[in-house]
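Got some structures for you, see below.
Each of the two complexes below includes chain A, the first together with chain B, the second together with chain C.
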Partner chain A sequence: MSTLVRDRAPVQTGPVSVRAPRKRLSRRTLLLGGAGVVWLLGFVFLHGTATLTLPASELTDLHRSLNQFNAWVASNRADNPVFQYVFTPLRAAVDAVANLFIGIFAASSIGLRLPEIGWLGTVALLGWIAFAVGNARVALLTAAVFVFFGLQGLFTEAAYTFALVLTAVLFTLAVGIPLGVLAGVYGRVAKLITPVLDFMQTLPTFVYLAPLALIFLIGPASAVIATVIYAAPPVIRLTAHGIRCIPENTREASDSLGTTGWQRLVTLQLPLARRTIVMGINQSTMAALSMVTIAALIAAPGLGQVVIRALQSLDVGTAVNAGLSIVLLAIVLDRVTTAASRRAEPGANRKRRISRRTRYILLAATLLVVLAAVQLSRTMLWAAAFPKELNVGPAIVSGVSSASEWLQTNLFLFTVSFREAVTNGILNPFQSLLTETPFYLLVAVIVVAAFALGGWKLAAVAASCLAVIIYLGLWSDAMVTLAGTLVATAVVMVLGVIFGVAMGRSNKVDQLMRPMLDAGQTMPAFVYLVPFLGLFGATRFTAIIAGIIYAAPVAIKIAADGIAAISPTVMEAAVSSGSTPWQVITKVQLPMARQSLALAANQGLIYVLAMVVVGALVGAGGLGYDVVAGFVQSSLFGKGLAAGLAIVFLGILLDRMTQAAAAHPVRKVPSAKSPAH
Partner chain B sequence: MSKAGLLLKRTIPTLAGTVAAALLLAGCGGATVNQAAAAGASSAPCGTVNVALNAWVGYTANAAVYSYVAQNKLGCTVVQKDLSEQISWQGFGSGEVDVILENWGHEDLAKQYITDQKVAVDAGPTGNEGHIGWYVPPWMVQKYPDILDSKNLNKYASLLATSESGGKGQVLDGDPAFVTNDEALVKNLGLNYKVVFSGSEAALIQSFRSAEKNKTPLLGYFYEPQWFLSEVPLKKVSLPAYTPGCDADAEKVACDYPDYKLNKVMAKKFADSGSPAAKLLKAFSWTNADQNSVATDIQGGMKPDAAAKKWVDAHPDVVAAWLK
Partner chain C sequence: MSSPDISVRNLWKVFGPGGEKIPKDPELSALSSAELLERTGCNAAVRDMNFDVAKGEVFVVMGLSGSGKSTLIRCLTRLIEPTSGSVLVDGKDVLEAGTTELRELRRRKMSMVFQHFGLLPHRTVLDNVSYGLQIRGTAKNERYAKSREIIELVGLKGYEQHFPDQLSGGMQQRVGLGRALAGDPDTILFDEPFSALDPLIRRDMQAEVIRLHKEMGKTMVFVTHDLSEALKLGDRILIMRNGETVQCGTGDDLVGSPADKYIADFVSEVPRADVLTLKWITDPLAFGTPADAPVLSAGTIIRDAIPTVMNSSCPVLVEDSGKITGQIDRDSILSVIRSTEVAA
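On to the complex of A and B.
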């Protein structure tokens, strides 16, 4: 669940400027207001009728027929040609590569289960590679972090995770870069591929874990395949984007020299797009790490297993220790690939402090040291397995555990009453407003709202999304999910506005906040759940917090960028006319950054929705729970699959509606009721 | 041109380094500390055993003792993998899982993997008898003696309501992966309750503990053998009696859970390999009291391995019988 990279259609503002804005706006407000009133009236008078509630243990015929897939795979695995010639060889190939890297870095299957290269060799080799593709700073960081894994007592687990990420990234690039190039060169391919990528990115990861585990069986192979599916979209999108964004005149200059298509690709497009492609590799690597962690649920070895065990035993100390490893690994992967992309920047060579020659000599010399370290780590036990005496892991675990126990016992009253207040005061009423209104009324309300926001086309999209959700038999669960998602998004927007304004107005705050936001975004979703689970228990409230933490950094960043982008002259004018800072914020900055705020809301919503399933691991109900239950109970397999699809359609609906809302201004002139409240 | 050239030039050292490392590995392949040990260990004909680790402490106790004996008495390498119950079964086909140490029923999976696909075999009972049911903390039984009959539960629905249960009474369940008919039971017994998942055994235990301590009402899914029952003797609510076949249709269940003769399951390949660890698995059998004593130690903060050692050292004759 890393950063989604989306190619968005340019925001259209056409119709508004053409028509008289006032009149159009009033009709829109009227429609929205009318829909709201109908909804409330319907809730009051038709309360609890036609809610389409499906008890958790019950299935529809559709779910039962999806369940058949399970049985079909079981009976066809041995002799169906699709399995014989496609799935089984694919699994074998992926398994071979995964096991090769696992054998090199983590553990071999023989003897003492020591890896081919022990910890000392791994530290040296990876540090050297970081130096070769990046710089000395990231090399040092890499070496230090891997030694720290050893100190945490998690070297083997971290090495497993690293080996799987490496395997997954290799496959991702092997698939992603050619596809991205195709999509960049041929517009038609891009058109074909974009909706598929959109779908892949909104589909919750759990949904395809279950069928993948069924087809490819559990283990590293399925984990890698699932990871590739999750991690490929960013590199495909960015590769295509990089190639498409080459200036027209550069291309023409090359064409006028008579280059063929292939020559143009190799000599012009790929080199010029290189930096963007490496950025794509960076994004895909981060996505791969977060997915490999989750794939622990289908027997992917590594740090994810430690986190899952800790989640199950509510062991905050262990979870934090393993989570720290994951975050550090994320930082290393991020910094090294970022340094590599800097190096890939055109003209980066000239800025270097040491000459290329010196660098090569340095590389060659250090390589000898690395080889010596590798050899040592193969022949000496102390260099092969990290010395157990140097383990500070238990100290970290018990330290964090006692701190969290202190928090839990001393803040218990506060956390519980806060949770109960939010749940009873906001979440429950809102949820019942959505789940206890008759479905036909809500469909009508949403379609009318869609029409008001984006005309007939959007109304049609909304109607069909809702129809699919009803067809999937999960209307009521979808409304539970929608309630949680909207509440979380509202909080995300409040945070986005507050911190966005603070960051947009002050460079210092920006510099302070940005690394924290970056860390929040690179941290795999799993990790920060455990402490909140300890504080708030497994409830919808905890799930909402998980969504907020995941989505807030994106929203804050977009809001801050929007506010920082307001031209200084406008600000100057506002300040010189005697406005107080509050007036500047509410009357100038927020209205002028409205477009960015709407985009922040859109992205916040999509990110919160991406966490719905992970939230179900800590107590959220609705579609997320259906997906999790379908994953672990074979009798609910079909229902889980259907719930996953329902999440996708809910996502499409929310995305299109918020995009439309962003495209048209709600108010031309900001009134006193500013969005800051 | 020069850009592509640069790209090449930068990747060459990386490639060269990797190749050199690979060559080096190939060159000194024979002498690694790992393989030397492998040669030494080969006298004991036991390879690697992959043990699925399901998420409750009783299971952990079984796995800890089995692993300890396999490692220390047979010289096997044991790899434990945290997996949920049903996912573990899928591992028999792929070779990811050799052993499941405490299986609760799962007739459908047994049919699929043992009878139909023939990738797994039954390795006999663990000696433990399992019960699943709905439990309440002891203080509630003293105050509301008739709560132990499921017919009276609706009377207490409002007492047991929480902010998560939407105005109905709450039945607190564990991990969604556990064997459970509770959703169907609530519906088919006409109970005004809602099943809420706490997510794990640990969360269930924590909830029951604080319910007894603070005298707050709680009704929840629980099971034996379970070490926690000796700390807080929870009382079981009687549901309509189990009759064979009454739970055949998962959506229509309206009866209590059966008594589970817990058993072990192993991969067919592992069973046929002649590994002494497979023989050990078949022989592995102990009592609920044994499991609870190890589980209590683990829960008290002992490492599973240490808890297993303590039990094994205290019961040399039982272990000797397993190894015969």
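On to the complex of A and C.
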């Protein structure tokens, strides 16, 4: 809304009623158009000068000093007081919990490295927990999926991932729920933490890893801490939201009886917010899984490592096998927590078929079976380690590998020509437009565009973001990433508008698409890379396609909701005045959903950026490559860290620019040009 | 009637930044609401209100929406913090009360019934009614026993284990009423409790309140926008407009001698013969009226006097506290009835 105020300043808010918005609109278009023309002219005449290109293996002074900082941390870790009294104990505590769960589910540190409760015990226990918090269906699903992990030959890896997710979720809830309650109860706390949460959620998963690895070393502890940071915002937000959304009259009624603040919290706010809080737990859990898999880059054990190793050796079969496990684990976590949130609905218990007592008896009885299974898995080898004879993993791996090879050879003509057409026709020209324009010209163009969209303040934000990127010495790489991100976002928006309109106009399409989109949103980012790696090989193109598929669900949903939210009266008015469906879409629905579409673009950009960066694993260059290289080669550490920062500032830039576009009012003065006519 | 149960003095509630200065400023406090809003951006919802509520009385505050009546009733227990003034309950100023005192007041002295019920959806009827008792720390058995009594009293026996969303609006408000009664407070505050209900159910609930008032004799402060409800329930009625008292008196005071055109418009549709008493139409004693003519009390409702006056061959004498104050004849009765018919 601040942009709204900002824009009013230069415009005369006098008695001019109809002309004012037009005048402003034309000034904005003029600025944007002018900047575009200058850019193109500059590109033609100054092509290739002042591009600030930095070859992959070269460093700037800043990168070298970051390297030195890395070395300094390594040598002072033992005796620096900050490490001694803050970071190291924290790391030890997190490690202890993580190792506890790893020991229980995945592998103990002694002897045969068998877990405390073998696969049979794990399957029984987790199935029972799913039954206790959810229902019998999700219990069966949980048990079946964990047995399937065994069949895939990935039980131990899945158990590692699960143990890390569990640790991270426990810490997340321990921090997030109290914070959320505080933010829900005290408006001041909410005001304080909301911008922080907003900022945290615009950061791609990737950028947390390097600084945390620097402080907490690689391994489970930093993986868990990175995951907590990434996964906490949803549960904090939703807890606060649940408490704030309690109807005023209920709160007032409770106050009128003389409740203390604590009584209000316990008898009113927490019970009424329970369902929303559990929804927050669901979202945080899904975010945690996503991060835990990516944390494989800083040596977090589990399925993520299998995928990353397979991606690096272009072993599509193994990647698909492990990717499938991640997808299944995501489905289990999502379904169980969703079932739990249904159970948390007020009055859910009275609609049950079985009484509470029968349920307790059933739970107690099945618990005995679980304990027996746990005992068995502690004593019998066949119940401890998943039998190797039942391993179908290799079959899946070789099946997928040959399928992928078949696809790549037989669809060669199609996939390669499609890839090359897009790469050469769109991607390369656009990328060179960004990378080969002199940097000062491009900076000027972006700042002018920012000014046109959001006034001086946004122009200042844009200028500082770009200045930081230049200072970090990664201008050219940032432009490569930007090119990929913008191209992918453009496609995402086309998809968003097409499917959003279809869903917004028809309930049937909505019902058909929504479950798929919901499922799409719960998947961890980098499993999207796997199938496209099989089709298109390791290229920038693959990363962009994966980014499109990753970002499309959120953009489509926001667009669809925006179109469905248009009042039926307006639609009726449009139809009754004889508009064709096409006219209704272009003259009523799209203009009225403009705000939602801009928001869809904003979210689409953030998602695409996250993915394009992760896409470095399959050959996308740019900042993501620098980050990954920084993990692998210690001489490139500083550059990787700088690249992470550059991603942050690129993200801020894109986020603020699209938000400003979204906040722009279509028309402030109610003029005769109402869209219904 | 004993000493007043609640005394409100110079009570102000001004919403908006800097609102606390307005009651003290003689110039600003004299402005009308609209001028005040324009000058300061503040909205005075309650302006310099003064009234007493006697023990055991049903005191109705009536006004249209936006008149400040809901704000006023919330100021009594500081659900909305008043800007200035005083609210004396049992001689103590509520505005001076500390957190604990205020909580005790809400727990034991004044309970409230809300327009939108404000029930807790995750609790059964029994747990909703016993909520106030739980809050003040009553043991489980005791509070359930007490709540069951109350549930029977408000006519919800058999619904103890139901949840609010399984009940009709009228029944939900009975739960709200039960919750307010369960703590056995001295005073019950009603904030438009029946305006969200169907007319028929509203009538039942009004009868219920009258019954409970007779049985328990509690002081009640009742906010409504419905004049017929006000006349039906109120011992005294205070009419509010723009945060100020326009008139305060019994029902027949308002109908018989409206303070200004606003009130006159308000009461113009009231069937006067049903509300006014004989004292409003008493003529001076005429020469020649026989001394043995029938006598009626000045407090008789006009409609109830019709049979006596119609059956008497001469004017009827009107008596007020033992003294004959005048007389009425058929013409004066008929003119009241005619004006009622015309208005209707």
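Definition applied: the second predicted complex is superposed on the first by the 617 of 677 C-alpha atoms of A that agree within 3 Å, B and C clash if a C-alpha of one lies under 4 Å from a C-alpha of the other, contacts with A are read in each partner's own complex, and residues count from 1 in each chain.
Basically, a contact is a pair of C-beta atoms (placed from the backbone, for glycine too) under 8 Å apart; a residue touches a chain by one contact, two chains touch by 3 or more.
Please read these numbers as outputs of a predicted model, since none were measured by experiment.
Asker: Return first, second, both or neither, reflecting whether A:Thr250 touches chain B, chain C, both chains, or no partner chain.
Answerer: Once the two structures are laid over each other on A, A:Thr250 reaches chain C alone.
Asker: Once the two complexes are aligned on chain A, which partner has more residues of chain A within touching range, chain B or chain C?
Answerer: Answer, by number of touched residues of chain A: B.
Asker: With both complexes overlaid on chain A, does A:Ile298 touch chain B (first), chain C (second), both or neither?
Answerer: Only chain B; A:Ile298 stays clear of chain C.
Asker: Between chain B and chain C, whom does A:Ala538 touch in the aligned arrangement: first, second, both, or neither?
Answerer: After superposing on A, A:Ala538 lies in contact with chain B but is clear of chain C.
Asker: Considering only touches as defined above, state whether A:Val397 meets chain B (first), chain C (second), both or neither.
Answerer: It touches nothing on chain B or chain C.
Asker: Tell me the contact category for A:Thr259 with respect to chain B and chain C: first, second, both or neither.
Answerer: The answer is second: A:Thr259 touches chain C but not chain B.
Asker: Quick check for you: in the superposed arrangement, does A:Thr267 touch first (chain B), second (chain C), both or neither?
Answerer: Both chain B and chain C are touched by A:Thr267.
Asker: Take the contacts of chain A with chain B and those with chain C, and give the residues found in both.
Answerer: Chain A residues touching both partners: 267, 271-272, 346.
Asker: So in the complex, which bits of chain B are touching chain A?
Answerer: These residues of chain B touch chain A: 1, 3-4, 6-7, 10, 13-14, 17, 20-21, 24-25, 28, 31-39, 41, 48, 53, 55, 77, 79, 81-87, 90-91, 93-97, 108-109, 112, 116-117, 163-164, 166, 175-177, 181, 183-184, 187, 195-203, 206, 250-251.
Asker: Flag every residue of chain C that touches chain A in the complex, lowest number first.
Answerer: Those in contact with chain A are residues 74, 77, 79, 102-108, 111-112, 114-122, 131-132, 134-136, 163, 165, 176, 179, 183, 189.
Asker: Please give the residue numbers of chain A that touch chain C in the complex, ascending.
Answerer: Those in contact with chain C are residues 247, 249-260, 263, 267-268, 271-272, 346-347, 350.
Asker: Enumerate the contact residues on chain A facing chain B in the complex.
Answerer: Going by the criterion above, the answer is residues 55-59, 74-75, 77, 108-117, 125, 128-129, 132-133, 213-214, 217-219, 221, 266-267, 270-272, 274, 296-299, 301, 305, 308-309, 311-315, 343-344, 346, 349, 360, 363-364, 367, 370-371, 374-375, 378-381, 384, 419-420, 423-424, 428, 432, 533, 537-540, 617-619, 625, 628-629, 631-635.
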